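After this come two complexes, each holding subunit A, first together with subunit B and then together with subunit C.
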Partner chain A sequence: MKNILFLLFLILILQSGLKAQVAVIVNKSVPQDTIKKTELLDFFTGDIKEWPDGKPVIVKELKAKSKVREAFYDYIGKNPSRMKSIWLKKMLSGEGDPPESITDDTAMVKKIETTPGAIGFVAKDKVSDGVKVLLFIQKD
Partner chain B sequence: MRFIDLKLNTKQMAVFGIILFLMAVANFFTIRKMQTIQKEINEVSTNWLPRAIAISEISRNISDLRINQLQHAITTHEEKRQSRTVAIIDLIDRINENLSTYEMLKKASEAQQLYSETEQKFYEAFDGTWEDYQDISFTFFALARENRNTEAINLLNEDALLIYDECSNHLAALVRINEEDSKAAAQRAEKTNHATKKFSTTLLLASIIISLLLSGVLVRYITNPILDLEKAAKKVAGGDLDIRLNLTGKDEIGNMAQSFDKMTASLKEARANAEQQANKLRAQNKELANAMRELRETQDQLLMKEKMASLGNLVAGVAHEINNPIGSINATTDITIRCIKKIEDEIKKSESIEALSSNKDFKKYFRILKENTEVSLAGGERIATIVKSLKNFSRLDQSEYQKANIHEGLDSSVTLLDNEFQNRITVCKKYGDIPDIICYPGQLNQVFLNILQNASSAIKDSGTVEIKTSKENSHIHIDIVDDGKGIAQNEIKELFNFKFSSKGSRIKMSSGLSSAYNIIQKHEGEIKINSELGKGTTVSIILPIK
Partner chain C sequence: MKFYKVYLLLIISALNTPVLSQEGKGDLKIFGYFQNTLRQIYDEEDDQHSNSFSLQQLNVFFQKDIATNWRAFISIEFLNNFSSGRQWGAANLEEAWLRYRLSEKFNLKFGLLLPVFNNLNDIKNRTPLLPYITRPIVYETSFSEFFNVEQFTPGRAFVQAYGFLPFGNSAKFDYAVYLGNSPNINDNPEKGQTGIDTTSTFLAGGRIGLRYGDLKIGFSASRDNDNQLVPARDVFDLGGDTSRFQEVPRLRLGNDVQFHYDRFSLEGETIFYRLANESEVDIERFFYYLTLGYQHNEQLFAYVSYWYALEKFQLFENDVEKLTFKIPTVGLAYYLNDRIRLKAQYAVAIVHGDLNPPIAPSIDAKNNIHLFGIAASVFF
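Coming up: the complex of A and B.
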């Protein structure tokens, strides 16, 4: 019995290690507590540039090609390179610049904390109290 | 169950079934193999080839993108720069379209497990470098926007070039992989095609050989027996009944052959029986012929006997007839002698002729003598008549065909029967005017005598026999009518049949009319009998005048 429990525990640990758990975070000024997938996609493609209260949406993305990044883009159904194409097109047609790329999760959290209207994503365990979590994304 | 015992249609069906089965198997395998080839061709045409095309397109698009970026960086003319931007946006769209195409193809190939890990790895690598290139492009366009053209060009020619090269290498690798895979598939298809060709050819040849062998079997089990049967039938038709097919199969031919054997055997038996019967018949015929000959001999003997018998009767009658006149002659002669003695005595006693002539006794004796002599003369004449008749009748044994008087024959027959008739039967002759005819007179006399004898025996006590002759056209009619007891109607036709009856110790023909019938037939004439019981019989003879 003990052995089985131990085995289950081991499996849980291993699974949590393998799983990429992503948190969609926003600056605390953002006037909403949840977010739908379509909204997320619209913000990240730049199709919607304002929050419901009229404040501009500032999108931040992770630069490093990590599991977290992969999990996030998977969730919104866009491959990162396609996302870049979209941004590139918007940039060339003058519709807006691509989001700022943040080097790592810690910097990302800090950036979101300090930028009003900012939205980004980090690994779940990197989330601090200074930000608001709108959504957890879990990927096997 | 042996093959030979199967019915013909079963046999044929079995053989054609096997052939069809072989053909079907050959076809099935060929089709299966063709499907494999088709699949491989499809793999090439639906997987690697379009993917390779998509990748090539992407490669070209990225290269175009880079060229446009360079041109964009070099020019400062706002309009030209704008047109480059439009071209670049268009290229990005095209790249995205091609990527979508590739990913769609990739998904389809993954479902078929035709997407290799190597390709996946290279694609991921490409995707990474493409993202990097776009990242650099952000910087590039930001620099260009700020008219920091030199920096932009440097970026494009240094960092971006490195990424571009890497990206191009990955794309080239992807194209190569797809090329190799499609080549391998083509080779597989080619190999399968070759193997299929070989296999189909082999199977076809095998089918042909097996079909030929099976045809041989069919010929052996169907055609050959039929030919044997035909040959045997011809032989049987030619008369050889010893031929046997001895086929043991239980199919139609076997049954037919067995029936044929049975038939031939039956035929042989039947023929043997027929031969036996024929032999028996021949022997019986011989026996019959012998019997007939014996019968004829007996008949002839009987006829002879009959003849002798009637001749005996006749002779007895004739002797009697002759004896009477002789008796009277003898008696009268005795009286004559005594009369002559008395006359001599009277002559001696008398003195003169006158006295003698007046002598009453002398006169009496002389009258007696005279009378006696007349009686003797009559007796002699009577004998002469009889002898003449006898002589006439003796033609009985003459078979000469000659002209003869029928009345003479009738008369002699009546004369010969005088003794039998005596005072009992009155003969009434009603002779007409008939010519002499050419005939066998003796034989006709025999017929007349026969009929008259029958008439005599038909009359019990006393009666009349009427003999009528007449001429009618080219025939003469002779009717002999008696008033005797008559003959029953049903017996009349029996009269002409030859049969025997035994009366006492003497074998006698019941009626001599059968020989009479034959004789009249010989004369091309007719003999008819009309009779009524108790009233009498009429025998009519019709003879042609010749």
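Coming up: the complex of A and C.
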């Protein structure tokens, strides 16, 4: 019995370690309630810089390597090194600035709450009432 | 005394006006990068080794959003340990443009700019972006002293419209069209103002491309007229009608491809160049490169690449001269952090010259030049 409990415990630990649940969050001023994968990619690559109401899209990203960050970039289909080179290219061509890198989920939620037009991503369980969630991503 | 007070007040109030203060739509941003390089070169023909430390390139950018949708951008470039006192290297005003952005579908740049042509032309001097130390040969600006680097691609334009149009679910149609001068820039003060074009012809060109997922392909073209052969009149003492060397039509065609699959990437392009008129003047150039890359992790990128360049001249009947470069290369690039990229590269330049000049003995020479380099590209 002890062994079975230990095994269950181990499975739970492994599962929680493997699953990353990500929430794509925006400032409440953003005029949309859902987002498609292609839109998300366009915003994060800087191809599209305005929301449908013409206000600027302010992209924020998580600085530290984490399962949440990995799951997010997996979802949009670009690994972080590709994203870095896309941002650097935009910057060095005078076409756009790279997104501000935020240290952790709590700081990210606070930043999105207080920045009109901002979009970012955090772990699902860190979302607060001060932001709007456009999408949940789950990666096994 | 009163006069000085009034004068001081006037200066202070002038300094506070939005024009003189930095109160535009955004702050003035100053940033740039440099690449320090250690190269070891071994020339098989001369059996000689040489080592050189150099500041291969330094670029400084000034950028400011001057009003909603308007951005000004200036790039100043210094090459090869630039020193005007010692007459080393070169300093260039590479770009100075104003951009109006209506949306992603339409942008307009005015001023001195690097036109879009294939993959690399507009980013060839952005060393932190490129994994190479020695870039694919027609983009290696620091080689321009001994190879016709600037002939292969359009060097500058003065107005460019560009953007992309989305279609379907995730495909994008890219376009760029530009106008500029022919590169017949006058450097002789006796013939008028230096630094301006001396012909009435335009450079016109553009690129159309398609992006779909991780695949990107494009086709480029440019057309202008050139006077590069005019000095040949004097060198070969031609006399008579030499108008065939003036304003010779020049066409460049290119295509490019980029593809990413998981950690692998494939990137390449071709350029076909023709400078020809109705008589015997005919210059062809051809270039391609192909790079296979592997992104090991966020920091480390490894690649193998092959570059080929051909220059073929025919200025007189039955006289064809050829110069070819074949350059296989391997390299690594490693992001030490977001600001510093370390690089290592080994290349062998297999050079073959088959020259039959009418006023000198023929040359059929082959040589291999080995280039090993390490570099740090620093973004600030």
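Operating definition for what follows: the second predicted complex is superposed on the first by the 124 of 140 C-alpha atoms of A that agree within 3 Å, B and C clash if a C-alpha of one lies under 4 Å from a C-alpha of the other, contacts with A are read in each partner's own complex, and residues count from 1 in each chain.
Here is the rule we use: a contact is a pair of C-beta atoms (placed from the backbone, for glycine too) under 8 Å apart; a residue touches a chain by one contact, two chains touch by 3 or more.
Treat the numbers as computed from the prediction; the structure is a model and nothing was measured.
*Asks:* Superpose on subunit A as described above, then tell me if subunit B and subunit C fit or clash.
*Replies:* With subunit A aligned, subunit B runs into subunit C, so clash.
*Asks:* In the superposed arrangement, which partner chain does A:38 touch: subunit B (first), subunit C (second), both, or neither?
*Replies:* Once the two structures are laid over each other on A, A:38 reaches subunit C alone.
*Asks:* Have a look at where A:93 lands relative to subunit B and subunit C in the superposition and call it first, second, both or neither.
*Replies:* Both partners.
*Asks:* In the overlay, answer first, second, both or neither for which of subunit B and subunit C A:82 touches.
*Replies:* A:82 contacts both subunit B and subunit C.
*Asks:* So, does A:49 touch the first partner subunit B, the second partner subunit C, both, or neither?
*Replies:* Once the two structures are laid over each other on A, A:49 reaches subunit C alone.
*Asks:* Compare subunit B and subunit C by how many residues of subunit A each one touches, and report the one with more.
*Replies:* Touching more of subunit A: C.
*Asks:* With the touch criterion stated at the top, can you tell me which subunit A residues are shared between the subunit B interface and the subunit C interface?
*Replies:* 65, 79-82, 84-85, 88-89, 91-93
*Asks:* Which of the residues in subunit B end up touching subunit A in this complex?
*Replies:* Residues 85, 88-89, 92-93, 95-96, 99, 127-128, 130-131, 134-135, 137-138, 141-142.
*Asks:* In the complex formed with subunit A, which residues of subunit C make contact?
*Replies:* By the definition above, subunit C touches subunit A via 31, 33, 61, 63, 71, 73, 95, 97, 99, 103-104, 122-123, 126, 128-129, 164, 169-170, 172, 213-214, 260, 263, 295, 297-299, 301, 335, 338, 379.
*Asks:* Residue numbers of subunit A touching subunit C in their complex, please.
*Replies:* 38, 41, 47-50, 65, 77, 79-82, 84-85, 88-89, 91-94
*Asks:* Across the complex, what residues on subunit A touch subunit B?
*Replies:* The touching residues are 65, 79-82, 84-85, 87-89, 91-93, 97-98, 101.
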